[in-house]
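These notes open a run of structures that come right after.
In the two assemblies presented below, chain A is common to both, partnered first by chain B and then by chain C.
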Partner chain A sequence: MDRTKKAILELLYKNQGEYLSGEALACQLKISRTAVWKGIRILKTEGYQIKGVPHLGYLLQNVPDLLLPAEIARGLHTQIIGREIQHFPEIDSTNTRARALAKTGAPDGTVVVAEAQTAGRGRRGRSWESPPGLGLWMTVLLRPKVPLQETARFTLLSALAVVRAVTRVCALSPRIKWPNDVLIGDRKVCGILAEASGELEMAEYLAVGIGLNVNQEGSHFSPELRRKATSLRLACGRMVDRLVLIRALLEELDGLYLEQPGFPELVDLTRPYSATLGARVRVDPVGGATEGQCLTGRAVAITPDGWLVIEDDAGRRQVLHAGDVSIRSADGGYV
Partner chain B sequence: MDRTKKAILELLYKNQGEYLSGEALACQLKISRTAVWKGIRILKTEGYQIKGVPHLGYLLQNVPDLLLPAEIARGLHTQIIGREIQHFPEIDSTNTRARALAKTGAPDGTVVVAEAQTAGRGRRGRSWESPPGLGLWMTVLLRPKVPLQETARFTLLSALAVVRAVTRVCALSPRIKWPNDVLIGDRKVCGILAEASGELEMAEYLAVGIGLNVNQEGSHFSPELRRKATSLRLACGRMVDRLVLIRALLEELDGLYLEQPGFPELVDLTRPYSATLGARVRVDPVGGATEGQCLTGRAVAITPDGWLVIEDDAGRRQVLHAGDVSIRSADGGYV
Partner chain C sequence: MNIKEIKELIKMLDGTDITQLDLEMESDGVKISIKKGGLATQAAATSVVAPPAAVHAAEKTVETAAQKAKEINPARASEEASENQVKIVAPMVGTFYRAPSPEAEPYVKEGDRIITGQPLCIIEAMKLMNEIESEVNGAILKVLVENGQPVEYGQPLFLVEKA
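Coming up: the complex of A and B.
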């Protein structure tokens, strides 16, 4: 039925503005009138406004403002990313769902997207606000043939894809905050949560969760986020078409994923967009000898392995593999 | 009941060689005679030979040659590793079980051990022969607070623990074949399969599977393994007590795990035991630019990150993150 539904939708799109008879649909698709009727009914339940008039046929009046797979797929030019898309009006967490799908054999490039998340997750167990219809809350399942410890570069690759897509669609200048947030100005517009599983020598899968604030107004954010977060709409002063944006994002991801640049190359590609390099930063490291010790200093380099080098006021350098980085803003506070 | 059973066993051990009356047991443990009787019955089903004589009581005659948690725990000196032990007469794979336990909250240091595996797994989807009662087929669940890409050092740490335990118990000189096999002479005696899952910045868990051939004779190995594998018994000419061995292994692991040496330190600690360094090798790399290309050369170094540096005949160096390494033996073949 899924294929029939898509084919009907395709024909309705082709004949936009005109009525298309049930008979013509049945004839062109070589299906029964009942199958046409069932397909139309499913499309309506998904939110498509389709007018049916006796003796005239069906007219596509309005497309729902939803990230439906058939809509995303229309005009999407990718080879791997988004070949399979699963859409949910509401879900606990797209990462959780993508990981469950990975266990049951979902292919490389599978995309899970939701209108809203009830338990959206950020890094290190934090929650992620995902109000209905206002953002891209999605996870891309990747199955690169690399050791588990090399999967980190796909986080950077995803951040770069977000930067490129946002630049392309909204003409904004987003920057990457090491290791995997995207900022506009001093505010967070996107977070990336990458989770992986497998043998150390060969990843089984990587689930790259992308939470991108698109059409929120200030009042949509919780009080604690209001001063730290922003949306594309707030930044560019207009509503952003989520379908155009997600297509751009999947295409940028696809291009980078096919190229598979190594870490040194990726570090070079992302350097111009770094919000961290050169900034005074405060870091709360994760793991290792410096766990729990808060460091301040200047971010002076990103190594070819993607690690951040901090230089403190005494000129001592430390290499960080992971951590929470706060960047000192113009007013002297850390964001 | 588990606690009662353990307490009864403890008292029987204390009074080894003498009968202990049911009444004395009940009185000392402050339990009913029925509870004593039930505990004895469970111990018997586990394989303990306990003689019961009216008016005399119970006598521990023989302990089964099994890796029962209560036996492993007797005289085990560890702080984290093996605080919880799960034993299975037969299981599909201890790694698979440990990963399932990890999902349901099993604590750091949980050990899963089996007498036999029906679907024992080696690296990259290979199978691992695990005949009943002849080896240590076990998985240690670790929950270090480190980024996922840093979990690789726990594989090396585990290999070092195996080397130390085998040296201590059997007076053999095992060597580590990069990245995570243990050899005696040119033959494999132990394989380590590490699987991990979690956020890239914070591992959720690491399952370190250890398959150690202990008491096999040559005929226990399949024809294809017979020339490549060995057991501790074959190497040292006598049966090895698996309980003594597993305790030694858990203790060595515990010590190293508490120290948490960094990668550079671990590389230094394992260098004297390396079977790979200095040898002529053939490598089948995993992932990256050299995927699928077979390299030959000399293994000249292990980097502080634990990666292998190969120098080919033209003097060109390559750094490998993962791969299958074959070492050229004295007769010119690769093992």
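Coming up: the complex of A and C.
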């Protein structure tokens, strides 16, 4: 039925603005009139507005604002990423689902996308707000043939893809907060949570979770996020078509994934977008140390391995490979 | 020192700022001298955050090489102790976590039986959570690193009794 439904939708698109009779549909697709009727009914339940007029036929009036696989695939130019897409109206976490799919052999480039997440996850047990229909809440499953210690470059690669897609679709100038948050101005618009699994010598899979705030208004954010977060809509002053955006993102990811630039090259590619380089930063150490033990200083370099070099006020340098690095914004607070 | 060990050594030095390494194998041990240059040498030791890995990797080399020639690479070093005991080592520099999230139970505890493919811990590097799977069947004798601590490449994480 899924194939029939897609085929009907394809024909309705082709004849947009005109009525297409049930008989013509049945004839062209070599299916029964009943099958046509069933297919139309399913499309309607998915949110497509299809007008049916006796003796005239069917007319596609409106497409739902949903990230349906058939809609994403329309005009998507990718070789690996998004050749298989799973869509959920609501899910606990797209990363959790993608990892389960990975265990059952889902192919390289599989995309899991949801309208809403009920338990969207950030780093180390933090939550990620994912209200219905207002963002891109998705996970891309990758199976690069690299040892586990090289997987970190795919988080840089993903951040770069987000920056490129947002620049292309919204004409904004997003920047990267080391290593992989995307900011507009000094507010976070996108977070990336990548999880890899494998044995020491070879990564089995990599689940790159991307949470991109698209059409939220200020009131959609919880009070604690309002000062720190933004959406593309807030930044560019108009609604953004999520389908156009997700296609652009999958295409940018695909291009970079096919190239597979090495670490030094990726660092060079992302450096011009860095919000961290040159900024005053505060490093919250891992392991739950207390406030007083935070390191402050200036981010002076990113090594070819992607690590951040911080210089404290005494001129001493430290190389970081992890930890929370916050940037001091104009108002003196840290983002 | 065989080709495999030399390869391992080169791999280990990769990404550090070691510019020259002289190694003399003698009957009573190893003589080693190292020249370093560039960034990481300045990275002194305020210990708030993860330590500069390059420096540590270098120190590690000196230490193990000085001990015994055959311990030059971490993989080999990890096969020490008794026949049946193996150390599972960190495949990368990062932060060691024993559980998938702060509220969750640890993946494994001392005394737990483990099987090949079972997740043992997470190492975070640049916000990438790497779930490390066991490559052996056996039992956890000892967890060698505390939760939330930075680990170096090749650092032993678990002592395991092979089944």
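The rule is short, and it goes like this: the second predicted complex is superposed on the first by the 326 of 335 C-alpha atoms of A that agree within 3 Å, B and C clash if a C-alpha of one lies under 4 Å from a C-alpha of the other, contacts with A are read in each partner's own complex, and residues count from 1 in each chain.
By definition in this document, a contact is a pair of C-beta atoms (placed from the backbone, for glycine too) under 8 Å apart; a residue touches a chain by one contact, two chains touch by 3 or more.
Remember, predicted model here, so these are calculated numbers, not experimental data.
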| item | value |
| --- | --- |
| Room on chain A for both chain B and chain C (clash or fit) | clash |
| Chain B versus chain C as contact partner of A:C294, first or second or both or neither | second |
| Contacts of A:L101 with chain B and chain C, given as first, second, both or neither | neither |
| Touched partner set for A:I302, first chain B, second chain C, both or neither | neither |
| Partner chain(s) touched by A:A235 [first = chain B, second = chain C, both, neither] | neither |
| Partner chain(s) touched by A:V283 [first = chain B, second = chain C, both, neither] | second |
| Touched partner set for A:P179, first chain B, second chain C, both or neither | both |
| First (chain B), second (chain C), both or neither touched by A:A196 | both |
| Partner chain in contact with A:Q318 - chain B first, chain C second, else both or neither | second |
| Partner chain(s) touched by A:V146 [first = chain B, second = chain C, both, neither] | first |
| Comparing the two partners chain B and chain C, which touches a greater set of residues in chain A | C |
| Location of chain B clashes with chain C - one stretch out of 1-9, 37-45, 127-135 or 199-207 | 199-207 |
| Footprint overlap on chain A, where chain B in one structure and chain C in the other make contact | 123-124, 147-149, 151-152, 155, 179, 193-201, 286-289, 321-323 |
| Residues of chain A that touch chain C when the two form their complex | 121, 123-125, 147-149, 151-152, 154-156, 179-180, 192-201, 204, 206, 283, 285-289, 293-295, 301, 303, 305-307, 309-310, 312, 316-323 |
| Residues of chain C touching chain A in the complex | 15, 39-40, 42-44, 46, 48-50, 52-54, 89, 91-95, 97, 101-104, 117, 119, 124-133, 135, 146-150, 153 |
| Interfacial residue positions of chain B with respect to chain A in the complex | 123-124, 144-152, 155, 179, 193-202, 262, 286-289, 291, 321-323 |
